[in-house]
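Order as written gives the chain letters A, B and C; numbering starts at 1 within each chain.
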Amino acid sequence: MKKVYVNEDWCLACHLCEYYCAAANSGKDLIKAFKYSDKKPVPRIKVEEGSEVNFAVQCRHCEGKPCVKGCIAGALSIVDGVVVCDENKCVGCYTCVLSCPFGCIVIDEEGHRIQKCDLCTKNHNGEPACVQGCPNKAIVFEER
Amino acid sequence: MNYVIIGNSAAAVGTISGIREIDSTGKITVISDEKYHTYSRPLISYWLEGKVSDKNIYYRPADFYEKNGVETILGKKVMKIDTAKKCVVLDDGLSVPYDKLMVATGSKPFVPPMNGLEKTNYHTFMSYDSVKAIRSELREGMKVLIIGAGLIGLKAAEALSAYKTDITVVDMADRILPSILDERAGLKMQKHIESKGVKFILKTSAEEFSEHKAKLKNGEEVDFDMLIVAVGVRPNTELVADAGGKVERGIITDMTLKTSLDDIYAAGDCTVSYDASSDTEKILALLPNAYMQGEVAGRNMAGREFYYVNAIPMNAIGFFGLHIISAGSYDGEEYVTETENTYKKLVFRDNTLKGYILMGDVARAGIYTSMIKERIDLGDVDIEMLKDKPQMMMFGKERREEKLGGIIK
Amino acid sequence: MAVNYNNPLFEVIRNPDRCIKCRVCERQCANEVHKYDADLDKMIANEQGCVDCQRCVCLCPTNALKIRPNENQFRPNGNWSMQLMDEVYKQAGSGGVLLSAMGNPQNYPVYWDKILLNASQVTNPPIDPLREPMETKTFLGKKSQKISYDKDGKAHFEKTPYLELDVPIMFSAMSFGSISKNAHESLARAATALGTYYNTGEGGLHRDFYQYGKNTIVQVASGRFGVFKGYLDAGAAVEIKMGQGAKPGIGGHLPGMKVNEEISRTRMIPMGADAISPAPHHDIYSIEDLRQLVNSLKEATGGEKPIIVKIAAVHNVAAIASGIARSGADIIAIDGFRGGTGAAPTRIRDNVGIPIELALASVDSRLRDEGIRNDVSIVAAGSMRSAADVVKAIALGADAVYIATSALMAMGCHLCRSCNTGKCNWGIATQRADLVKRLNPDIAAERLINLVTAWNHEIKEIMGGMGINSIEALRGNRLMLRGVGLNQKELDILGIMHAGE
């Protein structure tokens, strides 16, 4: 299955992936999403910055899928290998935040429920927005 | 192969999923004394609060049984497991044969003997029916007395406060949520809940009840229009015990989730689990635990050999907007930081992270959880980063590549 | 605080309707121009450090940024330009020699832009390169002239070392030190994919890049940095650097702060030590001395590798080239005064040397006149800006060209000409690890390949239009060229007729 991978050697910690991700999933363009929204949308990808290396982390759609197994509301499910969240069912208990070994489940801008990377399968972005937006090909979408 | 599952909650759904991974044709029968399509037990408080609709309380989509080829016998109770005849006997006398049996009977509310309790119309807070009953009696402005300041009692309090009720919570312990919080965190949460109008009376219990009044051992009297008893739960172990299976505080299983009886497995809140964070056997009444046990058991029932390991106590819960995530055990060297709105405690032992409590800021807590489960040696991580916040940066490049490049076991 | 006499050269124009305060400009500016002010919840700019490298403009996800020349004006003066005044203030402040980078930016004539190309009409019809073969393969080296016959009448040609180029374009010398390891890797990978060569410059060859040896020209310069037998053996040819177009007559200076572990190992000098290339080769004071070095290098490499001698285009370039051709060198590289550099004294860069167009034409003519043109190949360098420049250079007499500035631009360079600061925001002319990683060779190599491939397509098209189907037939074919707006002397030197003639 094609997944998003990040190459630490090339990540510049420019954080553009976060902005492209948040905007793509808000359904607005960057300017509308970040200048003309009541609350700034939250990215589903997280850049970690270090003194020497940087990298972005997002849902691994991992084999174990502890988030799906632990979801108390049946809001998380697997569609063609991709872990997706039904925002209408999520009650914001954050059991998935507790379970995710990568820290990739984020709390939405309202602070009421979670959102997570679905490889841009639910928006109309095609290739994941973080991959498209990375200026240094540090983020790739590929089979490994 | 003919599989029978007693129970219809998370462990049962996990079992179905585990069986179907391996065996797509075997017959699966689910038997439950509740009449509902599988619903999420932890959601009952959200349902009562009005945050979850009648439709969304269900744990799996309406076509779940159909898609998985599951037959259901709902609203009927299993009275007996006949190991000789390899069948279960229902309350209407019908017997259902099995090749492999899953006991996922969960737990029941524990109602301790209390003077005069029989004079009250008390409720428990455990099932869809129990909250439906509460809902039908609820009126705005009611006085509600909740016995028990644990997870269930406080979730009930949160739900009921949506009805502008006047809520008092009584508990024998000197603090709230003792099972998941330490003293400081408990106090912080208590203050938060109090600020939402809930009253606590701690370190005491009810001496005697009359129909609308409780007399407490500390001399106080509390009037109530509704009484909820949420002292705790007890695992449903009788079926296995009566059949001669090994039962202690809960049903005893091996690492494959098989009970001491042939072809009989057990999973979920009715079982005793091994807590990898404290090296002890305990009941881990947690939905994720139930599901994952069920899944492993299901695969084994279908003929594979999987082991259920690395279970730890863990909880994610919030009350009135203040969130807590905690996991592991709390015996060891502590690191604590606190701000007005947040609390963090990390517990280290044997050069590993053993437990943590995060309150307020719970972001990325799972990274800590995985460190406890995987018993990651602290020599391999940057301790300052670990203390600062959960982050992948604290691991060395190699472990990070292994984790982010692929698969979690 | 002391008065700052120097104005910022540029202004940052930020469109507040588009800026989303993502701070990418702040994170990407090594000159610390942009800054997010939390109190104001606003992006602010300190333009003093801005070099107009355009990194922020290119990375800004909402196109909210423009960098413009500072509108501030000194009192206009036909004699004293603002730049000259600014330089006076700088030197009055520092007491130092002014340093600059990249090629001469002054407004001297660009002869490429005064030369027009021919095309076929009616007779000798044009060739469609999409339908008919069009050869851009080029061989560099001495053209074999001695043919002997054995007793069976079989011909034997004198064997001479050569370079085989699939395209008549090579990447010219840029040292590891002046540019980053990732830039080097990009050039090496692109040269390999294109079937051409890149040049190590005078900084030695990083051990990771020996694998690209068959597409590498290794340079021997006056500092002899990184030169040893293995290095000479690694390359496909050896280039003796006598001079550089951007700074004829002077050497080089890589400041010690850029000499990190990798560079120290590659150059074989201590970490942190200044790497100073002397102005002359201390063993070369005559053509005879040069001949000795050429022969030494041939001997060291078993006579199998062509030797290139690179010189800056200076006043008596034709006579010098004639001497080089007689020194035994196989290839002469001539670098015009607009060629780039990682650092040069401004006054040298802006005032020394001559245009490559004139130098090339006069060298080609001189060697022909002396009957030794076939003893050497000529590589022209020093600002080949497009495929048209390449075609004109070949028609003026070059066998191939070297490009560097346009290669750097393919990798992201916006000619801010601040290489000497070591803070290249594009990760090219820097050794700072956080900046170097901005240049991903996967991207840069592809862009280099794209650029040269595109130029090669254009070269084929232009040649086709002339009715010429190989570089061989274009070389020195000055009949294909006409001058516009040139005086008779210029036309004579270029050896071309005026348009209309």
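Heads up, the rule we're going with is that contacts are C-beta pairs under 8 Å (C-beta built on N, C-alpha and C of every residue); 3 or more make two chains touch, one makes a residue touch a chain.
For clarity, every value in this text was computed on a predicted model and none was experimentally measured.
Asker: Find the most central chain, measuring centrality by the gap between its CA centroid and the centroid of all protein CA atoms shown.
Answerer: Chain nearest the centroid of all protein C-alpha atoms: A.
Asker: Which two chains meet at the most C-beta pairs?
Answerer: Highest contact count among chain pairs: A-B.
Asker: Considering only mean CA positions as chain centres, point out the chain farthest from subunit B.
Answerer: Most remote chain from subunit B, centroid-wise, comes out as C.
Asker: Taking the mean of the C-alpha atoms as each chain's centre, how many Å separate subunit B from subunit C?
Answerer: 70
Asker: Where the centres are mean C-alpha positions, what is the separation of subunit A from subunit B, in Å?
Answerer: 28
Asker: Where the CA atoms of subunit A average out and where those of subunit C average out, how many Å apart are those spots?
Answerer: 44
Asker: Could you pull out which subunit A residues touch subunit B in their complex?
Answerer: Touch list, subunit A to subunit B: 5-6, 8, 46, 48-50, 53, 55, 57, 60, 62-64, 66, 69-70, 72-74, 88-89, 91-107, 111, 144.
Asker: Which residues of subunit A touch subunit C once you look at their complex with the stated criterion?
Answerer: Within the complex, subunit A touches subunit C at residues 9-10, 12-16, 19-20, 30-31, 33-35, 52, 133, 135-138.
Asker: Going by the contact rule at the top, pick out the subunit B residues touching subunit A in the complex.
Answerer: 14, 40, 42-43, 46, 51-52, 56, 58-61, 287-288, 291-292, 295, 314-318, 321, 323, 325, 327, 362-367, 369-370, 390-393, 397, 400-401, 403-409
Asker: Inside the complex, what are the residues of subunit C that reach subunit A?
Answerer: Counting only subunit C, the residues touching subunit A are 17-18, 20-24, 27-28, 59, 61-62, 433-434, 437-438, 440, 442-443.
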